[in-house]
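Naming follows writing order (A, B, C and D), and every chain is counted from residue 1.
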Amino acid sequence: MIVKLNDHASPAAQSAILEALARQDYTTRRVSLPFGDFIVGLGDGAGDTTTLAALESVAWARRGAERAVLAAIDASPTRTEVPLGRTSIGGTALAVIAGPCSVEDRDQIRTCARFVAAYGATALRGGAFKPRSSPYAFQGLGHEALEMLAEAGKTTGLPVVTEVMEPGEVGPMAPLVDCFQIGARSMQNFPLLREVGRAGKPVLLKRGPSSTMKEFLLSAEYVLLEGNPNVILCERGIKTFETATRNTLDLNAVPVLKSQTHLPVVVDPSHGTGRRDAVIPMARAAVAAGADGLIVEVHPDPARALSDGDQSLTLAQFRTLVEEIRPVAEAVGRRVEATPVPNFGEPRTSGRRRGTGWGAGD
Amino acid sequence: MIVKLNDHASPAAQSAILEALARQDYTTRRVSLPFGDFIVGLGDGAGDTTTLAALESVAWARRGAERAVLAAIDASPTRTEVPLGRTSIGGTALAVIAGPCSVEDRDQIRTCARFVAAYGATALRGGAFKPRSSPYAFQGLGHEALEMLAEAGKTTGLPVVTEVMEPGEVGPMAPLVDCFQIGARSMQNFPLLREVGRAGKPVLLKRGPSSTMKEFLLSAEYVLLEGNPNVILCERGIKTFETATRNTLDLNAVPVLKSQTHLPVVVDPSHGTGRRDAVIPMARAAVAAGADGLIVEVHPDPARALSDGDQSLTLAQFRTLVEEIRPVAEAVGRRVEATPVPNFGEPRTSGRRRGTGWGAGD
Amino acid sequence: MIVKLNDHASPAAQSAILEALARQDYTTRRVSLPFGDFIVGLGDGAGDTTTLAALESVAWARRGAERAVLAAIDASPTRTEVPLGRTSIGGTALAVIAGPCSVEDRDQIRTCARFVAAYGATALRGGAFKPRSSPYAFQGLGHEALEMLAEAGKTTGLPVVTEVMEPGEVGPMAPLVDCFQIGARSMQNFPLLREVGRAGKPVLLKRGPSSTMKEFLLSAEYVLLEGNPNVILCERGIKTFETATRNTLDLNAVPVLKSQTHLPVVVDPSHGTGRRDAVIPMARAAVAAGADGLIVEVHPDPARALSDGDQSLTLAQFRTLVEEIRPVAEAVGRRVEATPVPNFGEPRTSGRRRGTGWGAGD
Amino acid sequence: MIVKLNDHASPAAQSAILEALARQDYTTRRVSLPFGDFIVGLGDGAGDTTTLAALESVAWARRGAERAVLAAIDASPTRTEVPLGRTSIGGTALAVIAGPCSVEDRDQIRTCARFVAAYGATALRGGAFKPRSSPYAFQGLGHEALEMLAEAGKTTGLPVVTEVMEPGEVGPMAPLVDCFQIGARSMQNFPLLREVGRAGKPVLLKRGPSSTMKEFLLSAEYVLLEGNPNVILCERGIKTFETATRNTLDLNAVPVLKSQTHLPVVVDPSHGTGRRDAVIPMARAAVAAGADGLIVEVHPDPARALSDGDQSLTLAQFRTLVEEIRPVAEAVGRRVEATPVPNFGEPRTSGRRRGTGWGAGD
């Protein structure tokens, strides 16, 4: 049960609401968000909205058992813009989050960061803790990678986005991270959602590969209920019968989610296709569909990447991606901020393949 | 087994090839296509390409059991442009095929045709024979509808596209039809594919809701094997677990198919979403992904449509669609031909709902 | 709209119903089935059941737009038993339909028929017209195969079940066929469903690989509406993301369909798994779930099969299958009729692989 | 990389292996399991099995990047039997794990435990921490529920199985739990898998709703790599397009997994169908397919259940389930241990519905 308070709800009025919720067998919580103050009843209560709506200072009361309420579009009068670095996600400017699947060494992440910063990225991604289907696959360099990533971010001025896999790591990671990524496999890791909610930093929440949009928004609701409004939804493909691509990128989710929530929606064409040759066309498509940004894997030398080499763009391809999405963004009333720097130069790539063919998680 | 002949292959050389195939237990057929002359071996033969490739006048010999060969991108040096009306599909100009799900009466199809012609359609769609999951649902007006459609096409100068459901109808329908649509449920109706192959007219082949891209191309191969190169592939959404949309539009198929075949690829955002509010964003996305055209359902009064009302655009929305895809098309180096006519006027829509909620086939 | 007549409905009462339906804009049809006489209104009518139910001689009136009505369990007071050969499908005795994927030659089908007859089959399957994803794959021997199949059926006393792929073949095939199979790819080939409905012979209707149970029953409804009650539903696996098996056999469909329809339900573990080693366990599971029978692929020499070799049982394995389902059948109150003949003998199998690895349709 | 040691491998031989792995850039670990001692190389190493296999005391060396090795059937000469309470899972006796979705109060779990113990359960399930798609739904009574569950287990002599959702809870829960359940949503929660691996207790690992069997086995491998061989795999349904059931129970997984792994496989027909009326038939089917056991939801009063009421059996239905699986078990050479106690009595159920319709996780 969610009760929205009117502005200037008196302490007495709030107490009355809390008591009414308790009488209906709810556990109560106050939630303060930029678009309102709420009193929430959790658990299996009586579900009587009428009595609650009639109380003083109550703007509305809604049941939330099956649909997100705080994340729903009518909870907020304006679309949420999530601040990240010098920009925000959800406004006119497109977010372009780029970087390697995994941070592999100091040189790799520095090179990558400088390049993507020069050619239009607004944030830097890089995995330190990698969920891998196989325990034998490379699992990330851990805390060491986090420091390299943070350093690369600081040098280039890019905020950093990286995945957190367990509640106990949220606290230790927080000082080095600008935005926590919740990977697709963790979309319904509820203790983790609560913990990143409490940390207060922006959260990039990836859609689970077999999750409906309704379930996706309910996972966002877990974060919002901790008083953290800064959730960026990320469509990254769903599991289907098709084997020509790693996942089926569900761009339908862009207009449908935008009609159902005030939260920004970005798209990951790297995991959504699993094929380097499809990433740029699908990045253009995502922008045309109305996405608020992109998150793409870029590697100085994809053939040697320790994970996700097949779907990582080269640095030159990333530059092409930005060049190609710019006019599409303009065609739909958006803009790509960055001014590409000509002749930045690009490291040579070698031929030898490292790492496993097995795709890494996200 | 597919054997490509060199130019000017002598009759003697051709006989030798036919004999070699027969010795390998194949049933043979000659196939002439704009991009080459072929001798094809069907059935369960020995699969010895080496012997065949060594024969005189043989450009190459390929096994075709598991992958399309004639539809494959390397079978033709150029992309296929399918002629349709005054334009073609697969060139720089985007195809915009628009019209109602079903032809319901003379007035409806006339109104719709004039409007879509004025605002940028390059072809007119309209169902005369409707595959419906339920036998109780409206199944189309049949031959009567075909005549209305043909008349509306003639009046507006638009070529007409309509679905054929059974082999026996191909002949009778041919004089009134410019392009046969093979619906999603018929993608693997092989007798029907052969029959439209023989008819020689352009074929708009819709992807089956549970068909992989590989199977999709193999179905196109059935048509090409009849000597008909004019196949337009249409991505229209696949069946997944997601229930917020009628199907999951798989735009990944656009770049992936374009990398695998020389045939043009169009997208149906109406069936691919099932939601009117998502059709225009996904039409933009399809164009940005590199589609060669769109096929969209438009109805003068969707609330009264006998089928697919929920996903049909109003006439005004169709106009918006064309206006919105134009700059996206330009951003990707394509163009939308038509010059919108201002203040064309639009019929008023009424409120009463006709027809069933059950979606109609495609 | 479906109107059930009371017994002895007078001609005058029937006329009144027909007129009432016509006034509601329906096209009308009389349907006589073992469980009642019906007047049906097709198309997009007004849907007013109240007026109809109030007429004389009307037992009930139901709308049928979104759900099957004649196939629904409450349309008939008893479960339908479909007569086939000397037995029937849907009673206490389990149907065991067995035979090769394709009829390949006279010897193969004869050997197979004699063996499966001796070990417990109640009907003989064998493909004459094979839907194949690839036009290059073996497509069946056609009419010649039909005659071989019919002869093998006559010799062994087994009724024959074979697939029909197009409406125009129903008439020519009828004299040689005891039960028409509608393959999975044809489940929504509505002209074909109508035609086999009219032919009056039993119809084995396979579930489409992306069809819901609701759509499955609506396809059965097409056949029933032609006055043909003898529809056998066949679960044969659906398309999912899992690649370890060819399809995902959805045994949930057995109890769910049995709770929704009076028609018998059989299971095809051959296509439902695509793996020979999983066929027998899943056959046992199907029987335990409550299936009315099985349809399995058996080949004297699977390694040389022209289609579906990977999922075909050897003759010895078929014998094991029957031995293993017998006690399971008894555990759920059913019985397997046949008395296995000891030491029947079994042809030797050779090693050479013929045919393509590409699975054949069903 | 996994290296299996011969019996009596000398310390010197082991050191040589460790050094060889380190030279190939692996992080090493020793793993001792009932079926052998192993030295494992984790991470992105050179993958040179030849050099390793040639070393002294090496039985074999296998790469493990894409397939489970320790969980694979050829890693162990015998099938693993997981000890649980007085019995084990994976032998001739079928495991029957039964109990409510959630522990709701002391009386509910006691009643349930006594009843299922009397009628044939071999273990007691009950949720204390419930993953719920919606944050507003009942999330379990937590530690209080654990104590009630443990008490009910002690009273009845049944070992208890309950879900753990985060690594930090494994330690605190361990004293009260006989078997940790890893829920479907947590199948790829790798930190959690490692933690329950270290705890050493049996682990019931549920298949993720969009996970392939290959991924399922790789998740089991995470647990085995911690030296814990006691993993019970649980098929509980996958996400598909079908909406008549909550999930599609993939019984194909039973024979396929049993052919690929030595670990026992149980089936959850409650989550696998989501419909009370389908649970018993699918329980029979699971046993017939060769499952080593069942896990079913049972509630004294399903209409008042706080979660999963729609799929919970009544106590009387549980009794029927055991009666019906017994002869099926015997038909496949297994047995159901318990002797049903006649006239145990059964609490009356009331009518009022509590809880939400929204299904609870597993």
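Some notes on this structure:
The rule is short, and it goes like this: a residue touches a chain if its C-beta (ideal position, glycine included) is under 8 Å from a C-beta of that chain, and two chains touch if they have at least 3 such contacts.
Keep in mind the model is a prediction, meaning the values are calculated, not measured.
Chain centre most remote from that of subunit C: A (centre = mean of CA atoms).
Of the two chain pairs considered here, B-D and B-C, the higher C-beta contact count falls to B-C. The mean-CA centres of subunit B and subunit C are about 32 angstrom from one another, to the nearest whole unit.
Between subunit C and subunit D, the centres computed from C-alpha atoms are 37 Å apart.
Distance between chain centres (mean CA atoms), subunit B to subunit D: 48 Å. Within subunit A, residues 210, 238-241, 243 each touch two or more of the remaining chains. Those residues of subunit B lying in contact with subunit D across their complex are 239-241, 243.
On subunit C, the positions that touch subunit D within their shared complex are 210, 212-214, 238, 240-245, 248-252, 254-256, 259, 272-273, 275, 277-278, 281-282, 284-290, 324, 327-328, 330-332. Subunit C meets subunit B in the complex at residues 1-2, 40-44, 63-66, 131-139, 165-168, 185-186, 188-192, 208-210, 215, 218-219, 221-222, 225, 238-239, 306, 354-358, 361.
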